[in-house]
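Have a look at these structures, which come just after this line.
There are two complexes below, and they share subunit A, which is joined by subunit B in the first and by subunit C in the second.
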Partner chain A sequence: MSAWFLAFATLLLLSLAGALWRIWRGPEPADRMMAAQLVGTGGVGVVLLLAAASDWQMLDVALVLALLAAFAAIAFVKAQSVDGSGDPEEDPVSPAAGTDPTTIQPGRAPDAR
Partner chain B sequence: MPADIVTLVLCGAGLVFFFAGTAGIIRFPDTLTRLHALTKADNVGLGLLITGLAFQAPDWQSVGKLVLIWAMALIAAGTTAQLVARSALQQQDTSQ
Partner chain C sequence: MIDGTASDIAATGFDLVLAAMILGAGLFAVTVRDLFGAVVFFIVYGVFVALAWLRLGALDVALTEAALGAGLTGVLLIGAVARLGRRTGTQGTDALSRRSAFSVRSVSQIATMLVSAAVSVALGWAFLSLSDSDGLRAGVAANLDASGVSNPVTAVLINFRGWDTLLESIVLLAALIGLWSLWRDDDWGRRPGLRQHARADGVLAMFGRLLPPFGLLFGVYMVWVGSSLPGGAFQGGTVLAAVWLLMMMAGLMPPPMVTSARIRAVLIAGPLVFLSVGIIGAFAGGFLGLPPAYAKPLILMIEAALTLSIAATLALLVLGPPGGPAMPSGPGDAP
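== the complex of A and B ==
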C-alpha cells in the first residue's frame, strides 16, 4: 500500500517539474509567483502522501507548508506594490498620501517597476 | 481491503486534477487564465487526495488534521489568487 503512495508522490513531483518550466519561461513576475504557488500546493500533496506511506506525524509538516505558501504569495504582492505596503486601495502609480516612494522604495531594479 | 481501493481511486483522481492544473499553467495563453486554472485544479486535486487519505488515517485526530489542511489550503489559495491577480493587473496597467 505504501508503495502506491510513493508512486503517487513521484508522479506529483513530475507535475511540479511542469511548474519549473513555467518559472523559467514565465513572462511576467506574476507567472513565476503562480508556479511557486503550484509548488506549494503540490508540495503539500507530496508531504501528505509521504505521511500516508510512512509516518502520520508529518501531517503537521503539510499544514505548515500550506501556511507558508500563502505567506509567500502575500510577500510577493507586497513587494510588487509601489511603496511596499500592498495597500489594495492605493493608486497603482502614485503611492498612498504622505509616503514618498523614493525614500522607502524597497530595493528593486529600476526596470522592475 | 475496500478502503484501500477507495483510497487509490480518490488519490488517482486527485493526481489527474494536479496534472490538469500543471497542463493549464503551461498551456494557457494569458496570466489570469493560468492563475484561474492553477488555483481551481490544484485545490480539487488536493481535496480528492485528502478524502482518499482520510480512509487510511489511523485515528480521528489525523482525519481532523487532514480536513484542517484542506480548509487552510482552500482559504489561502482563494485569497492569494485574488491578490496576485490584482497585482498582475496593476503591473499591466502601469506598463502600458
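== the complex of A and C ==
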C-alpha cells in the first residue's frame, strides 16, 4: 500500500514542476505568487501522502504548511497596495492623503509613548 | 517481499524527483532575472526542503523548515523587495553609478559563485568522508530516561546540550538589538514596521480574525507535544509569531512600542528563565544540569518562556524599522 502512496506523492510532486515553470515565466508577480501558493497546497498533499506511507506524525508538518503557506500571499497583497501597507479592497485614497490613509485604528496616535 | 521491493522502488523514484525539484528551485532562484521571482523560488525551495527533511526522518527539522523557510522568511523577503522597489522608484538611478556598479557587481557575483562552489565541494567531501557511525544516537537513547522528556531532540536541545540552545536564544536577541541600533534617531519611539491598515469588513481583516485562534492553538500544541513527539519552542514560537504578524498586517492591532517595558520583558523572558534555571542548577550540581526528578517541569517551563521570547523576537525582526515618511507630531494634523 505504501508503494501506491509514494507513487501518487511522486505524481503530485511532478505536477508542481508546472508551478516552477510558471514562476520562471511570470510574467506578472501575481502569476508567480499564485504558483508559489500552488506549491504550498501541493506540498500539503505530498506531506499527507508521505504520512500515510510512513509515519502519521508527519501530519503536523502538513498543518504548519497549511497554516503558514498563505502568509506569503498576504505579504504580497499588502506589498501591492498603494502605500505598501494597505489592502487592495480599501477605497482608493487620494494621492495627497497618501500619508494618512483611512485606517481601522481610529484615534491611535502613532507617536504616543 | 514483493510489496517491500515495490515501495523501495517508489521511494527511490520519489527521492529522485524531489532532489531534481530542490535543485531546480535552487538553480532558478539564483538565475532568474526578476528579484521577486527569486524570492518566490526561495519560498518554493523551502517547501521542497521540508519534504526532503521528512524523507530523511528529521521531523523536527522539517517542522522548522516549513514554518521558517516556507512561512516567515517569505513574508520578510517579500516585504524587503517591496520596500526596495519603493525606495529605488522614488530616488531614481544615476546612470554613471549604475555602470560602475555593474562591473563591481559582476566581479562580486563571480566571487560569490566561486565561494559557494568551494563550500559545496567541501561539504560534499566532508559528507562522503564521514565514517559510517551512528553518532551520539546510542548515547542519547541510553540516557533519555534521565532527561525528563521522551523526544530525543528536545532532550538534546534543552537538557544534554542546553548550553547551545541558551546561546542561540541570546543570539536571536542580539540580532534584534542589532536591528534596533540601525534605526534612525527620529524613528526611535515610533512603532516598528509600516503603518498597517486594511478595510474593516474586507477579506484581509476577516482572515486576520479567522486564522489566529487556530494558529494560537497549534502553536501551543507544538510546544506541549515537543516533550514527547517532534515539535518544540522554536516551531511553536514561529507559528505564534506568524499569527501575531497576521493580526498586525490585517490592521487589527498596532505593532508594539519597542520602548515598552512589557514587550522587553517578553523578549528577555526565555533567556532569563533558561539562565536562572542553569544558575540554580550550578548550586545543585552543574551549570544547566537538570535534576532528573524535576527535569520535565523545568523543561516545560524553559520551553514556555523561550516560545514567548522567540515569537516576539521573530515578529519584531520581520516588522523591521518604522517605514514611510516621519509621522506628524500629533494625531490628526497630517498634511
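As a convention for this text, the second predicted complex is superposed on the first by the 88 of 113 C-alpha atoms of A that agree within 3 Å, B and C clash if a C-alpha of one lies under 4 Å from a C-alpha of the other, contacts with A are read in each partner's own complex, and residues count from 1 in each chain.
Methods note: a contact is a pair of C-beta atoms (placed from the backbone, for glycine too) under 8 Å apart; a residue touches a chain by one contact, two chains touch by 3 or more.
Owing to the predicted nature of the structure, the values given are computational and were not obtained by experimental measurement.
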Touch count on subunit A, higher of subunit B and subunit C: C
Subunit B versus subunit C as contact partner of A:77, first or second or both or neither: both
Touching partner for A:56 - first (subunit B), second (subunit C), both, neither: first
Contacts of A:15 with subunit B and subunit C, given as first, second, both or neither: first
First, second, both or neither for A:6, with subunit B first and subunit C second: second
Touched partner set for A:69, first subunit B, second subunit C, both or neither: both
Partner chain in contact with A:45 - subunit B first, subunit C second, else both or neither: first
Touching both subunit C and subunit B, counted on subunit A across the two superposed complexes: 1, 4, 16, 19, 29, 33, 35, 60, 63, 67, 69-70, 74, 76-77, 86, 113
Parts of subunit C lying in touch with subunit A, wherever the complex brings them together: 3, 6-7, 9-11, 13-14, 17-18, 21, 24-25, 28, 32, 34, 36-37, 40-41, 43-44, 47-48, 50-51, 54-55, 59, 62-63, 66-67, 70-72, 74-75, 78-79, 81-83, 86, 189-191, 193-200, 202-205, 207, 211, 214-215, 218, 222, 225, 229-231, 235, 238-239, 242, 245-246, 249, 251-252, 254, 257, 259, 323-325, 327, 329-331, 334-335
Partner subunit B, residues of subunit A touching it in the complex: 1, 4-5, 8, 11-12, 15-16, 18-19, 21-22, 27-31, 33-35, 37-38, 41-42, 44-45, 48-49, 51-52, 56, 59-60, 62-63, 66-67, 69-70, 73-74, 76-77, 80-81, 86, 88, 92-93, 113
Complex contacts: residues of subunit A adjacent to subunit C: 1-4, 6-7, 9-10, 13-14, 16-17, 19-20, 23-24, 26, 29, 32-33, 35-36, 39-40, 43, 46-47, 50, 53, 55, 57-58, 60-61, 63-65, 67-72, 74-79, 83-87, 89-91, 96-97, 99-105, 107-113
Subunit A contact footprint on subunit B (complex, rising order): 4, 8, 11-12, 14-15, 18-19, 21-23, 25-26, 31, 34-35, 38-39, 42-43, 45-46, 49-50, 53, 56-58, 62, 65-66, 68-69, 72-73, 76-77, 79-81, 83-88, 90-94
